[in-house]
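One chain, subunit A, links the two complexes that follow: it is found with subunit B in the first and with subunit C in the second.
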Partner chain A sequence: MTDRRRINGPPEGTTPLEFLTGFTHQSVIKRSPTTLRKIFLKTSLTPPATGSAFLELPTPSSPSTPTLKLTASVYGPRPLPSATAFSPNARLTAELKFSPFSTPGRRRGYIRDGVERDLSAQLSLALVKSVDVGKYPKSAIDVFVSVLDCEGGLGDPGDGKGGGGVEVGLMGVLAAAISCASAAIADAGIECFDLVAGGVAGAMLERDGDVEVGRVGEGGDSGGARPRGEHARKVTLVLDPSPAGDYVILAAAAVGYMAAKDELTLVWTKGSMSPSSDGTEETERLIDGAIRAAIGVRLVINEAIKERWLLGLNEIGLIKEKGVGGDGDTAMD
Partner chain B sequence: MAPPQTSQQTGTPLSPAELSYLHTSLTLTPPIRPDSRTPTQFRPLIAESDILPSTNGSARMIWGDGGECVVGVKAEVEKNSASTGGARDWIEISVEVSGQRDDDAFLGMTVAESLLVPGSGVLERLVLGERFHWKVFVDILLLTPPLSHPATLLTLTTYLALRNTFLPRLVSEVAEDPVFDDDWDNALALYPIGRIPPPITLLVVSVGENIFFDPTREELAVGDVALAVSICGKKVVGVRTLEGGSGGVGREVIKRVIKESHEVAEEVFGSLNSVGEGD
Partner chain C sequence: MSQDPPLLPPLALPGQPLAQSPPYTAGTGTHTQNSTSTITASIAGIPRAHTDMSISVTRPTASHPHSHPNPNPNPNPLLLPEVASAVLARVTRLNPRQATVEIFALQANHAGAEMGVCEHTFQGLIRAQDVRATERDRVKILDCFRVGDVVRAVVISLGDQSNYYLSTASNSLGVIVAHSDAGDPLHPINWRQMACARTGIVEERKVAKPI
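For the complex of A and B:
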């Protein structure tokens, strides 16, 4: 007689569950230091919003590897709530939120934490300087960016590689958020001076070289070996560094750049490179590198907005049988 | 005339005409600041260190505009654990602005980011043998929300406090539970003289061709760009854009600001270090 009070296991044995081993950070597409990753950017994907955009970086070979995906939606210009004081300019607020499932390591809560508030503040700074806020008195423009998936490197516990160096994940997220939100603002038809594109550059130290240098330093006396060690370190400027890459980032810079006006709306650098010099020249080189990256990203934004615009013209019948890219897929090398 | 507005959102209580006047006077060569300071001159301040007896290090700074900042540094012995984020969690910074909800993420982030810059050597000094480490809590209290951006006040006070932080000397062996020297006179400085000092962040605003340090709120409002430049030792370790200014700026302006802040920082370090000696 069977025991009905308990839930019994199957009478014949089962095979133990086998889980796939966790995602690896190895499957990163090799690219030259000055090549940006391809970007997928498409606008008008969130119907209720006035303007919206979706940005995605390519997935490396294995589908379980995290990549950066984010959406931006713009609401407005809409009237300010009646309780607020008169404002002669439009008030632009930006809110960046990581989805709870977006990070590879720790789960993000629903309440905005310090990192998200900081990124939101920087995002609104970068955007507000490009929007012609004087054209929209007494109105609010709200930008919401939600990060659906990100590559890590956010400085979370258990996430870092621990090998020293700065984390570029946050900078990458911010730069992508700026580009995406800028496309969304353009999609919303809000008057701008220029479009802002985000770019990141980092000073990269290759891991293998680092190990060698360490050995040299231990072998000789420290005073004599240090300058030689510094010389042996190969520091290269890399555009659009990936936090998943197998290298140490010594310093990184993110900029919001308006290419047509040749102006910066946001500068964020962190880290330092060589102990010998004062770091001003390196910071300058990093900013220049980040601007180069932003110029590349700008081309993608231009294309995405053009696609949308042609589509709109097509719909009202101004253009016929014009080469409107079927899915609005925009990519660059 | 409309009553002066104090909220951050509405900016300064100055009218557009007044702002335009201020902008013009700041773009002159040489520029004229409303309080007749030179471009690199800071506002007068009162600074003192070692004011809180129950902390490992503390400092207090009062600015002429009523801004006051108290920083206390406390250290606790903590067991190394694999689950937390490692050395990154060993320094915890909290900023409390009285009279405001704690929603200003920027201030804490700036300080934390520059404190934890790799290669500064602080984290190595927090190691206590194989299984323990110091956990340092830096608590920053802004007593009066000052009329200008509090970043400079905050980092200068933090610098003073950290400079005066002493940790008891370890007398036990590496593998043992930590035992410390009873004598406070033997305590070790968290930032010994001759090593890389704690970072400071300078607030810089650029108006036309001119660059101003320690800007007031009015100067921030008319500036083209406001930057917070973090300097650790003799290196620029971080730059951030702040609220203020309209439109973007050319990259040359940014570079000039960075270069000039680097020069001014040396003077600031010098005068801050003399504060400690005076006591």
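For the complex of A and C:
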């Protein structure tokens, strides 16, 4: 499928420039499996939008660190196009788009593909439960998420890392998109019941040459791999798994979680569970891990919104509360 | 605003519980969570307890705290017409049964709200039977409005898929700014006529009572 209306690059025939530091050769900083990576989140960066946010994960330590970068912008509530039927609620649409340069090593097409359509549908599903759509009759709220850089591959055929396991790149993108879009909605001042934060957890099998499907082990608060039975070597729960990490993920779960209401708006699991049991226990453990990750992300969203607020209050010279930011400071684990 | 019995945080975030519902009521920017009947913030803003036991969350300015200079005087992207809100609208199209207008400013119908400029215009409709309160079956739309007039009106219904239904059936509602065929500004002389100061020509309008 080629796009005839735009100027496309040559389909083949050029050799890509090779730089000395490739993303694959970057050493990933070791962290304990239950530690989340540091998140950079800032709101109100797209001036024409009603609300917007930018998210980067992890906060890069050097310019060549592979990171996940995405922006979300919220437009609306604006009048529905006149052709659409009357609706007493706001119509929330979410669209997730990968930039052509977002995937390392391979350019993406401009036309919306199945992956984008799928992620867009899941994103709008995760967000619509949080927004108070009844407050905005006959209007549309449009959320646009644009992925600028996905740190690793997305599990496309061709950028294969080999070694089996499931690809968590897309889950990471979706979770980050949910968090970023929710921050943008809050920035827009659209009334919502709660903010949604995305979290991912995976069952990790450390890559030691011997990949086999084991049981999902105890999620370690201890943080280490905990052997469990003969066939369950080195399977441990990892929060916020990185697709660039040097480990194999056997199964993973991504959730959209509203922390204040304690409700899930989205659950996405993939991977294979142990053949002996029905996998309910493992799935629950994975989802619990993803919720723990989402709670950590929620603290970051709260801080980003507070930070923007203090800035706004400063600008209009309205700052009068002395301790606005002081008591709300939360530390990321 | 006087007493502050519920310990409100200096800054509320969406989903943050603020107070219990039985003594207090949910004001603007808040909602009541059904399961626990807790008043919860819906937007990020400064929570306030009012003397009528309502709790509201407000953003400090009506406009968005963007740092870039805004061309329009603070268009508020979150203003939506609701039933009973007062609006300012410009007449765009006339036919014998109705006048089509575009709403460009409106006043939300909660206490203390000010007229605000909308970021997007909304299409509205003034049907002939909604123009005035008396003799409503003898209304001739062309004797009440002309294209380009600015009308003060009230929303009576969210209407159909594309229009809000407006009414000017009150003394204070009707045309507030109008120009003659020659383009001169008109001033009201009675509730149904406006005159031009330069030429003295008199045109028919449904005139709003000057404040």
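Following the convention adopted for this analysis, the second predicted complex is superposed on the first by the 266 of 333 C-alpha atoms of A that agree within 3 Å, B and C clash if a C-alpha of one lies under 4 Å from a C-alpha of the other, contacts with A are read in each partner's own complex, and residues count from 1 in each chain.
Assume a residue touches a chain if its C-beta (ideal position, glycine included) is under 8 Å from a C-beta of that chain, and two chains touch if they have at least 3 such contacts.
It should be emphasised that the depicted structure is a prediction, and the values quoted were computed from it without experimental measurement.
Trainee: Once subunit A from each complex is brought into register, does subunit C clash with subunit B or fit beside it?
Mentor: fit
Trainee: Quick check for you: in the superposed arrangement, does A:166 touch first (subunit B), second (subunit C), both or neither?
Mentor: Touch status of A:166: first partner only.
Trainee: Looking at A:148 after the superposition, I want to know if it touches subunit B, subunit C, both of them or none. Which is it: first, second, both, neither?
Mentor: neither
Trainee: Let me test your reading of the model: by the given contact rule, A:91 touches which partner, first (subunit B), second (subunit C), both or neither?
Mentor: Touch status of A:91: first partner only.
Trainee: Does subunit B (first) or subunit C (second) touch A:235, or do both, or does neither?
Mentor: neither
Trainee: Touch check for A:299: first (subunit B), second (subunit C), both, or neither?
Mentor: Neither partner.
Trainee: For the overlay built on chain A, what is the smallest gap between any CA atom of subunit B and any CA atom of subunit C, in Å?
Mentor: It is 11 Å, taken between the nearest C-alpha atoms.
Trainee: Identify the residues of subunit A that lie in both the subunit B contact region and the subunit C contact region.
Mentor: Of subunit A, residues 85, 193-194, 258, 261 contact subunit B in one complex and subunit C in the other.
Trainee: Note which residues of subunit C are touching subunit A in the complex, please.
Mentor: Residue positions touching the partner: 9-11, 13-17, 29, 31, 33, 40, 42-45, 59-61, 64-68, 77-78, 80, 82, 119-120, 122-123, 158-162.
Trainee: Any idea which subunit A residues touch subunit C in the complex?
Mentor: By the definition above, subunit A touches subunit C via 44, 47, 50-51, 76-80, 82-86, 88, 132, 135-139, 186-195, 258-261, 302, 305-306, 308-309, 311-313, 315-316, 318, 321, 323-324, 327-328.
Trainee: How about subunit A: which of its residues touch subunit B in the complex?
Mentor: Touch list, subunit A to subunit B: 85, 87, 91, 114-115, 117-118, 121-122, 125-126, 129-130, 155-160, 162, 164-166, 193-194, 250, 253, 256-258, 261-272, 275, 277-280, 283-284, 287-288, 291.
Trainee: Touching subunit A in the complex: which residues of subunit B?
Mentor: Touching subunit A: residues 5, 9-10, 83-86, 88-89, 103, 105-106, 108-109, 113-114, 117-119, 225, 227, 232, 234-243, 245-251, 254-255, 258-259, 262 of subunit B.
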